[in-house]
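Labels run A, B, C, D, E and F following the written order; every chain starts at residue 1.
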Amino acid sequence: MKKIAIYPGSFDPVTNGHLDIVERGLKIFDKIIVAILHNPGKKGLFTIAERVQMLESALKKFSNVEIDTFNGLTVEYAKKRKAQGILRGLRAMSDFEYEFQMALMNRKLNREVQTVFLMTGLRWIYTSSSIIKEAAQFGGNINGMVPPLVQQKIKKKFGKKSTLAKQKPT
Amino acid sequence: MKKIAIYPGSFDPVTNGHLDIVERGLKIFDKIIVAILHNPGKKGLFTIAERVQMLESALKKFSNVEIDTFNGLTVEYAKKRKAQGILRGLRAMSDFEYEFQMALMNRKLNREVQTVFLMTGLRWIYTSSSIIKEAAQFGGNINGMVPPLVQQKIKKKFGKKSTLAKQKPT
Amino acid sequence: MKKIAIYPGSFDPVTNGHLDIVERGLKIFDKIIVAILHNPGKKGLFTIAERVQMLESALKKFSNVEIDTFNGLTVEYAKKRKAQGILRGLRAMSDFEYEFQMALMNRKLNREVQTVFLMTGLRWIYTSSSIIKEAAQFGGNINGMVPPLVQQKIKKKFGKKSTLAKQKPT
Amino acid sequence: MKKIAIYPGSFDPVTNGHLDIVERGLKIFDKIIVAILHNPGKKGLFTIAERVQMLESALKKFSNVEIDTFNGLTVEYAKKRKAQGILRGLRAMSDFEYEFQMALMNRKLNREVQTVFLMTGLRWIYTSSSIIKEAAQFGGNINGMVPPLVQQKIKKKFGKKSTLAKQKPT
Amino acid sequence: MKKIAIYPGSFDPVTNGHLDIVERGLKIFDKIIVAILHNPGKKGLFTIAERVQMLESALKKFSNVEIDTFNGLTVEYAKKRKAQGILRGLRAMSDFEYEFQMALMNRKLNREVQTVFLMTGLRWIYTSSSIIKEAAQFGGNINGMVPPLVQQKIKKKFGKKSTLAKQKPT
Amino acid sequence: MKKIAIYPGSFDPVTNGHLDIVERGLKIFDKIIVAILHNPGKKGLFTIAERVQMLESALKKFSNVEIDTFNGLTVEYAKKRKAQGILRGLRAMSDFEYEFQMALMNRKLNREVQTVFLMTGLRWIYTSSSIIKEAAQFGGNINGMVPPLVQQKIKKKFGKKSTLAKQKPT
């Protein structure tokens, strides 16, 4: 039987750390569905369509990867897509706590789907989407942390905004 | 002397994990006052009156449990109610950090009241109010995680909203 | 391609928590090799042969599980067995720290093999081999924590030793 | 060469724990620049000018301490000020996780500046700015947790607001 | 009904941190039984008789404290002594992990006894028996960390051994 | 005044992670004394003289680094050497717990010396002396984890011992 995993997340935007998890996951699973959680109550930096575009650009070389979006329960989505696994990357202790609780809840909701944790490569251990956005916003160099298209689009978003401090209020 | 504990929290809504802590606490204390912290600046899913009603329904079988509400400092409230203990349930590491800091602050503010930690039963380790609300919102089955009245009221709140995802944006 | 994982450990003895991980792993992998690490410098409660026997008894119902022993580097063994994954169960924070460091080292030694973490079922969160042995040694009831054959063999090991305390010295 | 560290933070307001870190840091560095991060998107309890005033009052006894404000990237600011170190106080595990990630990001952005961690004195382990504000807001006694001027200003901010709970809604 | 707790440990030797937990515990429980776990397989610095003597000296002022020794399962001992609680002090994260696992195991073995955690006073957060012994062994001043009789006895044990380093082996 | 730090440890043997901390530390301190703790009760893989030799070989390029050995209390040694700081590298959460407790104890013993934490470079996060020895013992490639002389000496220690597993007992 073909082994399928969904890889859920907000991917706002996709980072090289996410791509690393997809590549590792493909050594275990026959197919990975990268699934953007569409949460109407939470506005991101990029629209869902932009996120899909950036993921498609970064992952087009893999024939067994599909980009999708979903809302509602992750386990319901996994079931609908006939996935055996929910793929998650672990980077640090704080990740672990949250992931642990989500995995327990998901198992309670649907006992058929397993949460599978892979470890993010050491080089990506600090590259969360939010910390990258924070750095980029102030003009930090995010070279090598995100795929080229993402870097380009982030630059456009923050534009010329990122001038440095003027210093001390008299 | 009668041993009294307050059990403070937002109880928005009460879960079976909370009830588990009350039952365990009653083996140590002669009386437990479940005290809803009324924080005017933070809007919950349920009104204070609704939370009181759900707690009263779930705890009516215990003659030595009282439901109350308070605002202001927890230690001041404990003192006013002549409680020797502040009861708290521990579920995970992240709980521990926060609880530890609060307990140190409370001790600094009033040295007479002890924070007493009990461990939540294993079955309730993932049932925080917020994760239950998140699951329920998307139509997840929260059977056995909350008392019957709470389940009923949650269903009413989220109503027919919880339809599942429509999928991929083209 | 057939997906294979090794599941390394000392299994001294196998617990129901281990069996839980094997069952979950079989939903992801086509074959699992349970591999007893043979460390000559460290004497266990059971001999390697006894551990193999207990594992075989507990896992005979699965046609796609093999019991094996190895020494040396885990990644070398994985490579030799043509495994894509090293399966590990996570129970708690302290597990995570150690597993994280081992996984990083293993990746450094061989980039082809992925460490795959699954979460141990909630019921098995406290059932490490060592804590079970400690309880059994003092006559604690380990019913439902280990497979029947293991329970029988543990009883034989500790025999009539486990009498309770005589109390206070004078 | 003169050793300089910046000590960045929001200092909203400065606490005795912050002062403790400055004093410890002066045993290692020849000069410390206490640098208030000016984040226009986040409104604090005190204005930047008020924070500067409170820091100046509390630190005037040290000739080798400078108060400053900045926005943008911390490492860029450090470089501009010719600092070798970014000084940070550690209090607890949760601090550590966040500080670790920030330090990794900062190192990636500028390899010349070292993040230097000192341990906050035991007495200040629970005195974060936010927990002090929370206590003060409800009339808690924050004596000995902040410098005199800060205590005075906090009292003024919260004024007569902090009356205690009226109790149970019927 | 009288509320009784056992406070198990090795107390090799008792520290001021232990005494702090006993004092706090007496605000919750009517009687505390300090119970030295007698583990024949593990040789301590002090004999069981010495530990009892030091505990008796340090706790003689409390009429509702009893010193005892036990071996075997803690929960069996608690049951035999008709205790409702097993008292434990929490100091740090690493304590928490271990205590959590022990408490889960104990609950599995006997559901009637609750593990009750109190927080060690801030001043005692670093005073484990083992770290105190390590310091004392090298001539460190352990004044104020242990009761007077313990300090005297430790000094006698380590005698004149604690001379400082001679330096570099050429 | 010249700023001096001692960098205590067992260095059995020195790793590239240690060297990384020394290099970082030299950006803060004018002189670093790498101090091998000589614990007569604990036999290492290498003798103290061998450890000194490997450290001297790896650090000879730095004129402001001294290699030394000591026994007894770290703070006493720091005082004797007129050091303002005790330098320590942090790699992970579990490091933090232990380092935190040691730093508190050291401060209690001598308030004049500050423990200064630097973060080990990401590439060295998994290279503890013990995990490297474990890998090398079984023939793992430790290239790039230790200085050349150390690699050579480790190879000699473990010699041809590291043959791989023979496999399954029958």
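As a working rule, contacts are C-beta pairs under 8 Å (C-beta built on N, C-alpha and C of every residue); 3 or more make two chains touch, one makes a residue touch a chain.
Since the structure is predicted, the reported quantities are computational estimates derived from the model, not experimental observations.
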{"item": "Chains contacting each of chain A and chain D, listed by label", "value": "B, F"}
{"item": "Least hop count linking chain C to chain E through chains in contact", "value": "1"}
{"item": "Taking each chain's C-alpha mean as its centre, the one farthest from chain C", "value": "D"}
{"item": "Interface residue identity across copies chain D, chain F - same or different by half", "value": "same"}
{"item": "Euclidean distance of C-alpha centroids - chain A vs chain B, Å", "value": "33"}
{"item": "Interchain centroid distance [CA atoms averaged], chain D/chain E, Å", "value": "37"}
{"item": "Averaged-CA centre spacing for the pair chain E and chain A, given as whole angstrom", "value": "47"}
{"item": "Chain D: positions in contact with at least two other chains", "value": "93-94, 97, 100, 104, 122, 125-126"}
{"item": "Pairs of chains in contact (touch as defined earlier), listed by label", "value": "A-B, A-C, A-D, A-F, B-C, B-D, B-E, C-E, C-F, D-E, D-F, E-F"}
{"item": "Partner chain C, residues of chain F touching it in the complex", "value": "92-94, 125-126, 128, 131, 135, 138-141, 145, 162-169"}
{"item": "Residue numbers on chain D that touch chain F, as the complex places them", "value": "3, 24, 27-29, 84-85, 90, 93, 96-97, 100, 103-104, 107, 112, 114-119, 121-122"}
{"item": "Complex interface listing, chain E residues touching chain C", "value": "38, 48-49, 52, 68-73, 75-77, 80, 94, 97-98, 100-102, 104-105, 108-109"}
{"item": "Of chain E, residues touching chain D in the complex", "value": "93, 122-123, 125-126"}
